[in-house]
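What follows are several structures.
Look at the two complexes coming up: subunit A is in both, with subunit B in one and subunit C in the other.
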Partner chain A sequence: MKAAAFAYERPTDLSATLALMARANGTAKLIAGGQSLGPMLNLRLVEPDLIIDISGLSELKWADRRGDELVIGACVTHGDIEDGRIPDVTRGAMQRVAGAIAYRAVRNRGTIGGSLSHADPAADWVSALSALRAQVALRSAAGARDLPVERFVTGALESALRPGEIVEAVRVPAMAASARWGYVKACRKIGEFAHAIAAVLIDPEQATARVVIGAVEAAPIVLADAAALFGGRITGDFERQFDARVADAILTKAGLANAADRHIHVAVLRRAIGEAASA
Partner chain B sequence: MTMIGLTVNARPVEASVEPRTHLADFLRDNLDLTGTHLGCEHGVCGACTLLIDGMPARSCITYAVACDGAKVTTIEGLDDDEITAELRAAFTREHALQCGYCTPGMLISARDLVLRLAEPDERSVRAGLSGNLCRCTGYVGIVRAVRAVIEQRRRRGIAPVAGGGRQTLGPVGSGNATNSAQPDGARGTTAKPEAPQPMSGASAIPDFTPAKTFGETFTVPYPPDKVFDMLGDVRQVAACLPGASLTDMPTPERVEGAIRVKLGPISADFRGAARIERDVDTLSGRIVGIGSDQRSRSSTQGEIRYRLVPSEQGAATRVELSIGYSLKGMLAQIARDGLVRDLAARLTADFARNLDRHLSGDQTAVITEGRQELNGMTMLIDILRKRVSTAIRRFLAR
Partner chain C sequence: MSHAEGHLPSDATAGIAQGVGARLTRKEDDRFMRGRGQYVADIRIAGLQDIAFVRSPLAHARIRGIHVLERFRDVVFTAADLTGVKPIRAVSGLPGFKISEQPVLATGKVRHVGELVAMCVAPSRAEAEDIAASVTLDLEELPAVYDMLGARDAGTALVHEHWGDNVFLESAFEVDITRAFDAPIKVTREISTARQCMSPLEGRGVVATFDHRLDQLTLYTGAQMPHIVRNGLSDCLDIEQGRIRIVSPDIGGGFGHKGILLPEEVCLAWLTMRKGCAVRWIEDRREHLTASANCREHHYRITVYADRDGRLRGIDCEATVDSGAYSSYPFSACLEAAQVASILPGPYRMPAYRCRTFSVATNKCPILPYRGVARTGVCFALEIMLDAVAVAAGIEPGEVRLRNLVSPDEMPFDNITRKHFDSGDYPQAMRRALAAIDIASVRARQRTREADGRLIGVGLSIYCEQAAHGTSVYAGWGIPMVPGHEQANARMTPDGGLEIRVGVHSHGQGLETTLAQIAYEILGIETNKVRVVHGDTALTPYSTGTWGSRSMVMAGGAVATACIEIGERAKRIGAKLLQLDPAMVTLRDGRVCGPNSSIALAEVAHTWYRRPQDLPPDVDPGGLESTSGYKPQRDSGTFSYAAHAVTVAVDPDLGEVEILDYVIVEDGGVLVNPMIVDGQIYGGLAQGIGTALYEEMPFDSAGQPLATTLADYLLPGPAEVPEPRLDHMETPSPYTMFGVKGIGEGGAIAPPAAIANAVNDALRPLGVELLHSPMSPRRIVEAVLAARRAERPAA
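Let's turn to the complex of A and B:
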C-alpha cells in the first residue's frame, strides 16, 4: 500500500508541462488531484518513472461562460462544481452530478479533467458529460484539438489522448430552457462506483432525446437520437411512452449478456426518465 | 528527495521527502502526529481524512510533495476548535465510538457537515459520512451526535458556511508552492522492473475449471482449412497478437512466451507457457496456459477454445472463441469481469484484423506494439492473461 519510487516534477506553466511530456519517454504520468491515480500508485498497479504534477497550474483552474457554453479548466474539482464556485449553464445538473461523486474528501481534490482522462466507465463525468453534449479541449506541444466526450472515451480506462497530450478544458453547452434532465446511478453503497448509470436529456418541444447508458464496463452507450426508446417520437408524454423492451434489446446488442445486469440498467434508465419527466 | 514546506497545525515545517511518501506517512513518521490513522491506504475507508487548506481530504492518496506550501490540520490541531469540541462531547454522550480507529477521520468529516449543512436531516448526515467506515458502532450513535451538534448550533443562530468557506478553484492543497519542485541530490528514483524470471520449462500445464468464461467471435474472408492451417503456425499467430512474444517452443504442442497487456495506465507482463491441442476433424482447438506477472504478484490460468465455422458457402470462416480464466493474487482483488471483456473484445478485433492481413499475404501491415517473435495461440492465452491483469477494477474513478 505504499507507492513504488517515482521522480516528481511540478512544472510552473502549461507550456513547460507539454515540453516535459514531449521529452518524457512514455513512462511519465500526469497527476492532478490523484484520486484515481493515487490508489493505483499505492497498490503498485501503476509504476511510472516520473509523475508530473499539474494541480498547481492556474491555466487549468478557471471557468468562464463564453457565449452559449461554459468552459471549465481541467483542474477544477468536483467540489468546486458542487459548491457553485464556478458558473452553471446546465440548470443545476452538473452541480447535482458533482455532489454525488465518491465522497466529500475525494471531491475536494478530484478533478473533472482527471476523471475524464482516467476514463473509468463507472465514473460519473464520462456518462453525464456525454449526455450534456460536452466537448474536451486537448492540447499537446504539436497543437490543440477538440473532441466530443463520447468520442474521447474509447473503452474501459482508454481514451483518445495521444502521447504528450493533455485535457486542457471541458466545454459544456448551455441547456435549453425546454430541456429536461435526468441522472440516476445504482451504487450498493453511497459513493461507491456505480453498477449502472443513466443520463437523459429530453426536449419535448424540440422532440429530441439524448440518452446515455453508462457503467457498462466499456465506453458508455450513447443514443444521440433515442426516439426508438419512446415509440419513435418524443412527446410530452415520453415517460409513459418509454419502451423497456427496446432498451433491453439495445443493451443485449451492446454485449450485456447478463439478464440481471440488463434489468438493473433498464430500471436505472426508467428512473432517470422519470426524473426528467418530473423536472 | 524533494524539499517541501508546510504549515502543520499552525506550525511551519520544512522537510525533505521522497515523492512517493503520502501525506499521512509524512505526518506520522516524520512529525509523530499519529492521530491520523491509516486503514485501507487507497482512499476507501476514510480513516486518514484530515483538513488541507481547511477542507477534508484523504491523506493516504495525497502525496506530501503535492502539498508544498499548504496548510494541513490534523486531529491534534483541533483540540481548541469550537465545532470539534462540541462534537467530542456529543460523541461521548451518544457512544459514537468504540475502538476509536475511525474516530479522527470521522470527526473531520463530521466537522465539515456541521459547518456546511443547513438542516440536521438524517439522510444528508448519513450520505455525508458515507466515506468514513466504522466497524464498531453501526453508525447510529455517530449520526445522532452529528445531528445534535448541527441542531444546537443552528438553534443558537450560527449559520451554515456554504462550500466550507473555500474561495479558490482546484484541488485543495495545490497552488501554494512558490516554485517548481526541486529535487535535492540525485534525481529521485528509478524504480524499474526486475528481470523477469522464466517459467520452468518442465512444469506441467494442468487442466482447470475457469472461474470466468465468455465468448468472442470474428469472421475472416478465407476458407476454414486455410484459417485452421494458419492457426497451427504458432509463429504467425503470435505475430498477429499485439504485445506477445514467444521465447521457446520445445514441442509443437508447447510454447513459452510472454505478453504485455495494457489497460489505461496499468500494464502487466505475463510470462508463462501454454499447451496446444488441435483437432483437424472438427476444425477446433484448445490452448491452456499458465502465467504470472511478477510486479503484481498475480498468477493466472487461461484457456481458449476455438472452433471454425464455414460461412458464405465456405468462402469465409467464422472463428468462435470461448475464453476462460482464473486469476489469483493482487490483480484478482481488483479485477472486474466487464473490463476483461472489453479488453478482450478490443484485442480480438486487433487479432482478427492482423490475421486477415496475414492471410492476404500482406506481411507489412501487421500491427504490433513492440516485440514479437513467434507466438500463437499462446498469444491468445497470454492475451487472456493480460486482460485479466488489466481487468483492474475501477479504482476510484473520481
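Let's turn to the complex of A and C:
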C-alpha cells in the first residue's frame, strides 16, 4: 500500500496553481488535507502524474461574512469550523455538522473544499451544504463561475469540476431567524462514513422546506420544495404532517430498491425533521 | 524530558506488595508508554531490502503463466525458483484428516485471493510494489468454493482435487442422544458467526538476515511461538535447527495470528540465503484483511431438548467451520471444528449429546485460531439456545442456567464429553451477575415505554475456558505441536539480581511483570531486579510458546520451580556462610535466615560467583542457575469461567444497539496480578463487542473478500466499548502452582452471546430473533421488517 511514483509541486499562490493545472491538462490531482486522496494514492486507486499541494495557499484559508452570506475559503478545515475559528451565519448548524465529521484527526486536516471536490455521497458537506443552499465558487486559468452545491455534485465521486478548475470558496447564505435546521446521519460507529443522511431546512413562517437525503450512493436527493412530504404545505406542525410513504416513494423512484435501506433513510429523515421541529 | 531520564532505575516497587496477587504496575509499560518498544518494523540492518508480494487476484484458478519483465528477472522470484523448499504441512493425527500442502509460493493453482504468487525485491517497499504491479499473471479462473455449506454438495468445485470432496475432517461425538428425543421441549435453530479478521494494532512482519560468522539464519518475526516457527522453518527449508535463530521482539497484539508459520516467513528465510542481503516484509492492512488473519466462521444446526422446567435433556448439533484453503501450521485446519464437538456442552449437565462437525475447505484464506478459538462460536450458539429454551419453558433465562450449571459440590467434574473441570462455582458467578445487572429492575423498565422509542433488553452468557491444555490433550490431536513439560531458566547475577529465560512470549499479557512477581514470591528478589528474557530461540528454553491461555500456568509454574531450586541451593550456601546447619535456615524477604542471623541472597550470589573459595565443599555445582521443567499435577487444563450480563437499548428503526450496562463476574483462580487480568478482560470484551456488533469479512460468490480496508471492516473504537463492571471470584485450581488458571481469552468468548441474547430480549415483543453475528443495523432492520411482514400477511 504505497503510492505509485508522482511528481509533486507546492505552489505558493493561486495563479501559479492554476497555471500548473492548465499545463498538466487533467493528469494532475490537487491535494489539500489529503484525508481521502492519501488513502486512494496508497491503494493505487489513483495514479496521477502530478500532485499539486495547495495546503500552503493562504488565499484559500480565510473566511469572511459578506452581506448576507459567509464566504469560506476552500482550504478551511472541518476543525476550523468546529472550533468556531470562522464566523457563523447558520446559527451553529455548520459547526455541529463539522464536529461530527469522521474523527478529530481527520477534521484537523480535511478541508471543506476538498470534501466537496471529492464528492463522496456519504460525506457530510455534500448533503449539508446542499440543504443550506450554498454555492461553490470555481476558478480556472480561463475564468471563474459559481454553481449551487447540488449542481456541483453530479454523482458518486463525480463533480462538475472541469480540467484545470479548482473550488476556490464556498458561499453559505445566512440562515433566517425563522428557519429550523435538522441534520441526522446513521453511522455504525463514530467516525464511520454515513449510511444515511438527512438535512432539512424548514421555515414555517415562509412556508418553505428544503430537504436533502444523502448517502444514497449517488448525488444526494435534493427536494428544493419538499412540501409534498408534509401533505402539500409547510405549517407549524410540519413534524406531525410528515408522510413517510411519500418519502419512501421518492426513494424508490430514486432507485433505492432495498426496503431496509429505504426504511433506514426514512427513519433518519423523520429524526432530522423532529430535530428541526424541536430546534 | 531528557532521553536518559526514562532509563533511570525505578525505585517505585520498594516497600509495596510485589508477590502473587499484587496489583503491580507493568514493568514493560515504561518503554511502551514512552514509544520505545521495538517491533519488527523498527529493526534496521545495513543493506536491508524490502519485499512486496504478487498475490492472487482470484480465489480459484489454474496458473498458466507468470510473466516477469526482462529487466526485473533477478529481483522477482516464483515457485520455480524455490527449489528444495517444501510446502507447509500441518497434519492432524485425527482419523480421516485430509492433508493440504500449502506451497510458500503458489504452484499449479491459486486457492484463495491474496495467495502468494511471486516475491519482488527492491530498496524500498514502494519500488517493490512497482515491480509487483509489473508482473502479469495468466490465470484460468475456476469456480470458487465460497460457501462452506454448499462446499459439501456433490458436483461442487474441489479446492484440492485429489481429495474427492472439500472436507478436511469430519468428526463426531455421541452419548445416548436417542434418550433425549421424547423431551417435551425441543428447540431447533440455525446459528452462525461471520468470518472475521483478527486486526491487532501491529500486523505481521519479517526481517530475515544471514550471519556467516555463526552460519545462522536469523529471522526477526513477531511470533507468539518462536520455537515452533523454528521447527516449521527447519522442516520447510530442510536445514538443521541449530542454523536457525528466531527473534521475536515486541509485538503489538498476537491473538493467535502470530502463532502461525507464514509462507512469507519461509519465503524471506529462503531469499536472504539466496541473495545474501537482509530482507524485510511488513504486512499492510490490506494484506492483513484479505490474505491472512481470517477467523471465526462457524455454522450450527442445533437442537436442544429439555424438560418443562428447563432442565436439559440433550443437545444434538451439526457444526461446520469454514477452514479456508489450507491447514495452517501448527494448529491445523480442524482444531476449531473438532474442538466444537468436545466443548459445546460447556459447564452444563446433560444426559445425552450428539455433535457432528465438518472442517470444510473453501477458496478463502486459511482460518486461524483467534482469541477464544472455537469457544466464542460455541458460546454464541449454546447460550442463544439456552435463551430459546427459557422462552419455550416460560422461565427466566438466568433460572434456566442455574438449573443446569454444574454445581460446586460436583467439583472436580467430568462433563458429558469428559472434559475435566478442576474447580469453580458457576451458579454463584451467574447469581452475582444477575444481582449486579439488577435483572428485576430491567424487567420493570421493560414494562414501561422508553421516551425515545427504543427497546430495552437484558442478556446473559456463561462459559468455561479450558486453558493450559497439556500433553494428554494435545497428543490426541496429533498436530505438529504437543506441549510437554514447560521449562524456565532462572539465574542469579553476581550482584543479586535475577534473570529469567522463558520460551513463551509476552505480547500484552504482562509476563515481564507477572513472572517477576512469581520469582519475588519464591525468592524475595525485588521485581525491579528481575529481568524476564523471552522471544529468542538462542536465549530461551524450548517451549511451544504463548497460546491457549497457558503462559501463567505453565511458564509461571516453571519459573516458580526454577526459583525454588535456586532457593534451596542458596540456602545451603547461606547456611555455610552463617555457620549453621542447612536444616536450620529458611528463605525470607530475599535473605537466608537462621534463628538469630541472616544473610542477603545478594551476598550468597556474590560468594558463588566472586568468592568461590568461601563455598562449602559439598556445594551444588549447579550453582545459582537452574533450568527446571514443570507440568501441573494434572495436565488436562485449568477451567476458568465468567458470567456476563448486559443491558442494551435497541433502536428498531435504525437497528442501532447501545450497551447501557455490562457486568462480568470472573473466576480465574488465583490471580498473580489482578490489574493485568482486568486489562485482559477489557481487551477481550472489546474484541467480543466487535464480534457481536461490527466485524465481518464478507465474500462474494467469486470468492472475493469484500472488506478490504478498515473503512469496510469495522472495528469497535473507544466510543463503542463501554467500561464494564467487574467482579472477581477466586477458586484456586487444585492442580497448579499457586492455584492459578489461564484467563487470557475469556473476555472475548462471552460477549457475542450475551449481547445477542440482550438484543433478542429487546426485540422479542416484535417477534424478532437474530441468530447471526454481527448483529449489524442492517440485519436488525431487515429482521424487524420481515417480522412485520409476517405479522401482517399480504391481503
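By definition in this document, the second predicted complex is superposed on the first by the 278 of 279 C-alpha atoms of A that agree within 3 Å, B and C clash if a C-alpha of one lies under 4 Å from a C-alpha of the other, contacts with A are read in each partner's own complex, and residues count from 1 in each chain.
Please note the rule applied: a residue touches a chain if its C-beta (ideal position, glycine included) is under 8 Å from a C-beta of that chain, and two chains touch if they have at least 3 such contacts.
The structure presented is a predicted model; accordingly, all values stated were derived computationally and were not measured.
> Check the residue A:R44 against both partner chains and state whether it touches subunit B (first), subunit C (second), both, or neither.
In the superposition, A:R44 touches subunit B and subunit C alike.
> Considering only touches as defined above, state whether A:R85 meets subunit B (first), subunit C (second), both or neither.
First partner only.
> Mind working out whether A:G191 is in touch with subunit B, subunit C, both or neither, as first, second, both or neither?
A:G191: touches subunit B and subunit C.
> By residue count, is subunit A touched more by subunit B or by subunit C?
B
> Where does A:A4 make contact in the superposed view: on subunit B (first), on subunit C (second), on both, or on neither?
A:A4 contacts both subunit B and subunit C.
> Which partner does A:R104 reach: the first (subunit B), the second (subunit C), both, or neither?
Once the two structures are laid over each other on A, A:R104 reaches subunit B alone.
> Per the contact definition in the header, classify A:R23: touching subunit B only (first), subunit C only (second), both, or neither.
A:R23 contacts neither subunit B nor subunit C.
> Just checking: does A:D120 make contact with subunit B only, subunit C only, both, or neither of them? Give me first, second, both or neither.
Touch status of A:D120: first partner only.
> A:R240 contacts which: subunit B (first), subunit C (second), both, neither?
Neither partner.
> Per the contact definition in the header, classify A:A260: touching subunit B only (first), subunit C only (second), both, or neither.
The answer is second: A:A260 touches subunit C but not subunit B.
> For subunit A, give the residues common to its interface with subunit B and its interface with subunit C.
Residues 1-5, 39, 43-44, 189-191, 193 of subunit A touch both subunit B and subunit C.
> Subunit B touches which residues of subunit A in the complex?
1-12, 16, 29, 31-49, 51, 53, 55-56, 58, 60-63, 73, 75-80, 83-86, 101-111, 114-115, 118-123, 126, 155-158, 189-191, 193, 216-218, 255, 257
> Could you pull out which subunit B residues touch subunit A in their complex?
For subunit B paired with subunit A, touching residues are 2, 18-20, 22, 25, 40-44, 46, 49, 52, 55-58, 60-63, 65-66, 68, 108-109, 112, 126-128, 130-132, 162-164, 166-177, 179-181, 183, 187-193, 214, 263-266, 295-296, 330-331, 334, 336-339, 341-343, 345-346, 390, 392, 394-398.
> In their complex, what parts of subunit C are in touch with subunit A?
Its residues touching subunit A are 124-126, 129-130, 133, 284-286, 653-656, 693-694, 709, 711, 714, 716-717, 719-720, 776-778, 781-782, 785.
> Quick check: in the complex, which residue numbers of subunit A touch subunit C?
Going through subunit A, the ones touching subunit C are 1-5, 39, 43-44, 186, 188-193, 195, 259-260, 263-264, 267-268, 270.
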